[in-house]
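The first chain written gets the first letter, and so on, giving A, B, C and D; residue counts start at 1 in each chain.
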Amino acid sequence: MATIIQNGIIVTASETFQADIKIDNGKINMISNQITGSNEDTILDATNKYVLPGLIDPHTHLGIKGTLDAFETGTRAAAAGGITTIINYTDPDNSQTFLEDLTEWKEKAQNALIDYGFHSIINKCDKDVLEQISKLPDEGVTSIKLFMAYKENMVNDEELYLLMKAAKKAGVVTNIHAENGSVIDCLIEEALSSNNTKPIYHAYTRPPATEAEATARALRIAEITGAPAYIVHITCEEALKEFVRAKEKGVNAFGETCPQYLVLNEEYLKQEEKEAVKYICSPPLRTNKDQEALWHNIKSGSISTIGSDHASHPYVNGKENGINNFTKAPNGLPGIESTLLLLYKYGVCEGKISMSKLVEITSQNPAKIFGLYPQKGSLNVGSDGDVVILDPNKSSIITKASQKQSTEYNVYEGMEVQGSIEYVLSRGKVIVKDNKVVGEPGSGKFLYRNKFTEQSQEGRL
Amino acid sequence: MATIIQNGIIVTASETFQADIKIDNGKINMISNQITGSNEDTILDATNKYVLPGLIDPHTHLGIKGTLDAFETGTRAAAAGGITTIINYTDPDNSQTFLEDLTEWKEKAQNALIDYGFHSIINKCDKDVLEQISKLPDEGVTSIKLFMAYKENMVNDEELYLLMKAAKKAGVVTNIHAENGSVIDCLIEEALSSNNTKPIYHAYTRPPATEAEATARALRIAEITGAPAYIVHITCEEALKEFVRAKEKGVNAFGETCPQYLVLNEEYLKQEEKEAVKYICSPPLRTNKDQEALWHNIKSGSISTIGSDHASHPYVNGKENGINNFTKAPNGLPGIESTLLLLYKYGVCEGKISMSKLVEITSQNPAKIFGLYPQKGSLNVGSDGDVVILDPNKSSIITKASQKQSTEYNVYEGMEVQGSIEYVLSRGKVIVKDNKVVGEPGSGKFLYRNKFTEQSQEGRL
Amino acid sequence: MATIIQNGIIVTASETFQADIKIDNGKINMISNQITGSNEDTILDATNKYVLPGLIDPHTHLGIKGTLDAFETGTRAAAAGGITTIINYTDPDNSQTFLEDLTEWKEKAQNALIDYGFHSIINKCDKDVLEQISKLPDEGVTSIKLFMAYKENMVNDEELYLLMKAAKKAGVVTNIHAENGSVIDCLIEEALSSNNTKPIYHAYTRPPATEAEATARALRIAEITGAPAYIVHITCEEALKEFVRAKEKGVNAFGETCPQYLVLNEEYLKQEEKEAVKYICSPPLRTNKDQEALWHNIKSGSISTIGSDHASHPYVNGKENGINNFTKAPNGLPGIESTLLLLYKYGVCEGKISMSKLVEITSQNPAKIFGLYPQKGSLNVGSDGDVVILDPNKSSIITKASQKQSTEYNVYEGMEVQGSIEYVLSRGKVIVKDNKVVGEPGSGKFLYRNKFTEQSQEGRL
Amino acid sequence: MATIIQNGIIVTASETFQADIKIDNGKINMISNQITGSNEDTILDATNKYVLPGLIDPHTHLGIKGTLDAFETGTRAAAAGGITTIINYTDPDNSQTFLEDLTEWKEKAQNALIDYGFHSIINKCDKDVLEQISKLPDEGVTSIKLFMAYKENMVNDEELYLLMKAAKKAGVVTNIHAENGSVIDCLIEEALSSNNTKPIYHAYTRPPATEAEATARALRIAEITGAPAYIVHITCEEALKEFVRAKEKGVNAFGETCPQYLVLNEEYLKQEEKEAVKYICSPPLRTNKDQEALWHNIKSGSISTIGSDHASHPYVNGKENGINNFTKAPNGLPGIESTLLLLYKYGVCEGKISMSKLVEITSQNPAKIFGLYPQKGSLNVGSDGDVVILDPNKSSIITKASQKQSTEYNVYEGMEVQGSIEYVLSRGKVIVKDNKVVGEPGSGKFLYRNKFTEQSQEGRL
């Protein structure tokens, strides 16, 4: 009844070695140089293959109204891509408190194929909200998200201060979408009034300076409050400079980027409008120079995690609305299932990062930051048996035809990737086999995450 | 006949978890949540204790003429301090080639209690020398050391260039003692001619600017040649700034510091001469501000390793000669046995570094840089069973009375340290038990080290 | 009828030399090595004395309701201190447009003894305001001021953007009070609710990070809009770092500091409350380390000007209100008459700056930035005959007893200063003689200032 | 008998204004708005023309054996280009002491048309040399030059230290040619042994890292000794970074660049060998990015001066020798007469620097650094009447045909320049009139320069 992975190349956040792994009752309970199983055991041969801890995607938007992937299809696609845990964003619903809203989200997620947690988006600040933050950890949620852009959701500096302070006190990490929405709105108005409506103006009206400014400001408030701040989707060199400066001063800052910012660029927004609208996301795609800066900061350890920021906006009645006016297209890209193979091909195979770094940023670091470690994010004895077996020798082409996610398009269409995800295990159970998802809806569990403490960051201190 | 360590808190360079370890035939072959042994096995209970990979001291000077610790006493002291591998410096002997010299050093080391390797010091550059460098890896030695100070040994820039270039080609790391000896000699002459002969003038005539300059110059030559450069004993903020700048530019640079630069300062050189002379080492002890910079750069990952730079100069007919003239005292401090407990107390317990960082800098990193990984520097399946069991709850005072090294004095005399080294295992065999060294002279083996490759640095890329 | 200054040491922004100066019809018309006058001429002997262009104080708050110095007493004190031009801030009055308000201010100033101009404070942003900005230069006003702190006056990022953009288009400089008022208000509320009401909490609730953040943000918006931005009263190293970074990137940024930030520190706020309340100003007094950073950045050219930020709040029914609650004391210090002697003593005599730098920052730079050059800020042929004759050999003690300004206290009470202001000339007419003000109320003129252009900055490019 | 320049636009290092200038007995004695002369006076009309202080070229190599321009032709070319003072390098002659050598150089220069001084090149260090340095100022020479490259002339770090220390004590500035000659020689040997002999390899074997390293090292020794260090011909961004870092730390550092590094680039070395050899100079021509960095650092004030580094190597039996082996071509470019027009066109007209900055770097700064101010480098009353009248409205093409220097080629051949040098005055006497040199050989005087003091730098502190 145990699962045994034999003869694989095990990769941890700092080492690579060959050994067998045994998983029993959902937990890893042995690593040894030769583990033989009984007839009852599932034996997986990983000879010449990498054995990685299952990926944790800390930035997904499943189940958002108007998008195509709710939890079943979304987590199926995730599983196919080697992801065994997601932390999904709620959508603020101002008709109820955000704690009530959280309860609904837990229900929505019940048909997930993989384990999941939530970040609570908060878009206002009053006594009730501050009070509820203190109760969030009891609900198993230890992170909130604040926006510095988007008029309907953005908080001002006073609110940022009060919410981050309350979050810190509660052991809750504050995730921040860092763009200066006020300045961006001015730039958009200027663009539209000059009839500059093409998709590339989405990028031109959200220049790096607006992201860098908001990043710096958020981290100043983190500095003053002492609160841990997690900057989501960092996209450019300008913002990275601010981020690194704060981190060097000792600010409790964590940075995330996304595969799209590493492998796509603003040229995609300069295509024919029909095509370009698919690539509208915020912050926007940047330049190749920014890509290099992101890779460099992953390697140097400044950037801690990779999130897909998966948002499955439809093309019809969605992206296409932006064709004559970039502001009408919904912001966000689908891509949950491609993270691992993109990073393996364009990061590891191209010499930008090591296998250990890949494991660190896609699994161990999100686990540590978001209170899931050591249950998740590790292949050590005692951890959940969430495992990916990757055959490094096969390659493939990303296409809509073979994708699991529900959108009518794939933003990585035609890109070559390296590696084949042979098996994915969730708590010892095979959920992907030979690239086919065999896990069952509802087998994923809600994860009660631990509070943030500095001590929980062991290994990065 | 196996050795089993039960119930300990295993610390790796990135994680901490509880499990049992089994060592068979000198190699770790199992990590599991419950390993029970047979009667023949040695069972060690590590409940509530840390289980660490044995330390690698990459900077020792055992067996130098005029010093008190040759390999037997020196490695006994090392073992008592949790060190299971040393990489010792040869002493250049210009009556023979350095390859011939190496053969003699291998013989001298045969009564070591722990495993060992060598760095070859080179103090000249001609065709023969360049030719021999290419043969060094065949002798199991994959690092050389060059001096930028000390008239009798220093190489000039042309030699630095040619030697580093040859070393790179051979897969050999170049270790560099980085101080501008020419400028220092001028400063010393000025001091002596002004009758400034007290020990503190040892520090004043080797100011941070001289270390920083040489560090920058060495790394420029590394930049131009593309050679990997390992800067030994970095001591100060000024030098660190140069080091970090080069590293950020992509220079293949590695940095080492020593416990004495982390816990002692130049005030020790201002004591009464009789006492102060003990503290003469090069580069000299610095200020508390420099200590902070060193800790900060260990935490940030800029500094990769800790070496003791153990040099057991006697007091009588040694250190005491410096009483009336600081230039007459031999340079270097004894201290091989105190590294682990000093770092645990003043690093981990004071919140400056995590346990994982301690393992990374004292074991995993030196193993990776100097071609010993994964045989050494790891607790994974397949690695040598070199293990330290540390009881974190006991404390002690460092004194000459209880030291193992052979000097008549201890530079850390009276300092409190935390943690007790209960057991040390070398390839599965207990060599320290309850703070007593039980290993036998001659049981240490010469280690054939692998050539340096960028790929061997997995985990830091 | 001409005025001739003989044999003085003339100081310009780049040179020092000995010569005579002749002023005719209010303008300098000759510099020569020997100018002899007729009986009708006024001859001033400046042997062994410095001859400087009259100071321009670009930051004064004369005529503010509740303060003690309106234009007559305020400009009398200014003249006594060697100031021959002020640029005074209006006070926004929301019952009328700011252009109407400006007309009132011009009337209020009619009894000034020295020449004057205005910066218009703007505290809101709508179509009318944006429209009026374009008309400001016609009124002779080519600078506005925006606040990022103080709830009643502060503008948000959208307003900052729109106002700076409009100002740029109009050839108008934007002056910015850069403190993050939102965060500061949170910190004040925390302090008061913890009963931390002493004057030093004024400093603790406005930490350097709040000034640095706002400075960086303002300059980001300057970067995006391309507008020239003049940061008033920079006080600390943290803010300077942001300022210098922006300037190095090519942002059109100018920086001002004030004598109080150069010679006073936060220790003054830790005195007995009765005394400490006098020192409440915003941003608050900082540390000695910040003073050093300010001097260093004056010397390096990053900081362009010195303003007194003179605000003559009374002690009775003013400052004293803060004794039990720091928030009740009006913000701002009097000090218009001490700028020159403080800078001479603590800058020039202590070797921090040269005489030429003193002239550059107190006269030539404000003239160039604010559109008064070459009429003001120069001793060249063609410029107004605004001159100070400073005897460097006399010294004195600043005391309330001998001050000209109207407050019941002097924040520099008891400080020694060097140099004696023997004569001050306004357009060739003696207005101060032997430290006595002999100028007449109403002899000052409103100055129509030129629009800002990059070309007008000649000498700094 | 006076000379009066009427109605010109006078440019000083910080200002631009319109006035008349009167020069009497060789000295400026009046600046006024209307100076009318007598019949005996020379009246020059400068309406709509710039009136500048004569240029000081602090880096010339006239009179070197094997070159074509000795003092007569060289200073004629200089005068034609608006230069009224040169500071020429001696050539070390090891058959006599450098003081004896200096006497010879003073004789050689007696037929100069303009005023001149010398920098003494020193290529060794012994007691005698150190002793002679102390006597240099008595000979009117207050600067020495040391080489860090070129085997026959370079000094090592000990010598650098001792010479700079002695120079500082004597009030003498140390000029430094900063390239790491040891590393360069290795790179050259590698290039030649790989048959890489084309002119572009001159650049590839002297990469920016070798200049940056030497610059940093020289300035470290300046830091330790406290000596003023003047880095000649800075060429690249890498070296500038080191330079600026040192300057910001307070090192007494001055930087020079040359017109060739501002307007030529390494593409010139990639031309056909016959042409490319003309462009061999050390350090070599760099890239456009380096040109931008140089302009930026001139504007920011980091670079203080412009020298032509004029070396009139012949093509026949000179440059042509490098055709098949770049190391055989003499290093150095002719160009003394083009500095002003090149800087006016590519600096001022292209918006990179202001007219005042041009005056500062070509006249006032070299005068201050090298002890000639206020006699030279200024248009103030009391200064020498060295003046250039520049008509900004004419343009021309640089060609060998119209050059005054003696080489068979012109490295700026075909480049357009702006401005026409109408008149040049040396101590009030017209030496260039309508682009024709009318000065007489022998009318130039040797200048006794003052010792270096920090105070002499007034205006830059």
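The working rule: a contact is a pair of C-beta atoms (placed from the backbone, for glycine too) under 8 Å apart; a residue touches a chain by one contact, two chains touch by 3 or more.
For reference, the UniProt names are A, B, C, D = D-hydantoinase.
Only a predicted model underlies this, so the values are computations on that prediction, with no experimental measurement involved.
Student: As a test of understanding: of all chains, whose mean C-alpha position lies farthest from that of chain A (D-hydantoinase)?
Tutor: Chain D.
Student: How many Å are there between the centre of chain C (D-hydantoinase) and the centre of chain D (D-hydantoinase), using C-alpha atoms for each centre?
Tutor: A distance of 40 Å separates the two centres.
Student: I'd like to verify one number: the distance from the centre of chain A (D-hydantoinase) to the centre of chain C (D-hydantoinase), where each centre is the average of its C-alpha atoms, in whole angstrom.
Tutor: 51
Student: How big is the gap, in whole Å, between where the Cα atoms of chain B (D-hydantoinase) centre and where those of chain C (D-hydantoinase) centre?
Tutor: Going by mean C-alpha positions, chain B (D-hydantoinase) sits 58 Å from chain C (D-hydantoinase).
Student: Based on which chains touch which, is the overall arrangement a line, ring, star, complete graph, or other?
Tutor: Chain contacts: single closed ring, each chain with exactly two partners.
Student: Pull out all the chain pairs that touch, please.
Tutor: A-B, A-C, B-D, C-D
Student: So in the complex, the part of chain A (D-hydantoinase) that touches chain B (D-hydantoinase) is made up of which residues?
Tutor: 10, 12-19, 22, 29-34, 248, 299-301, 353-357, 360, 364, 374, 378, 380-383, 457-461
Student: Applying the document's contact rule, which stretches of chain D (D-hydantoinase) touch chain B (D-hydantoinase) when the two form their complex?
Tutor: 156-158, 161-162, 165, 180, 182-183, 185-187, 207, 209-210, 212-213, 216-217, 220-221, 223-224
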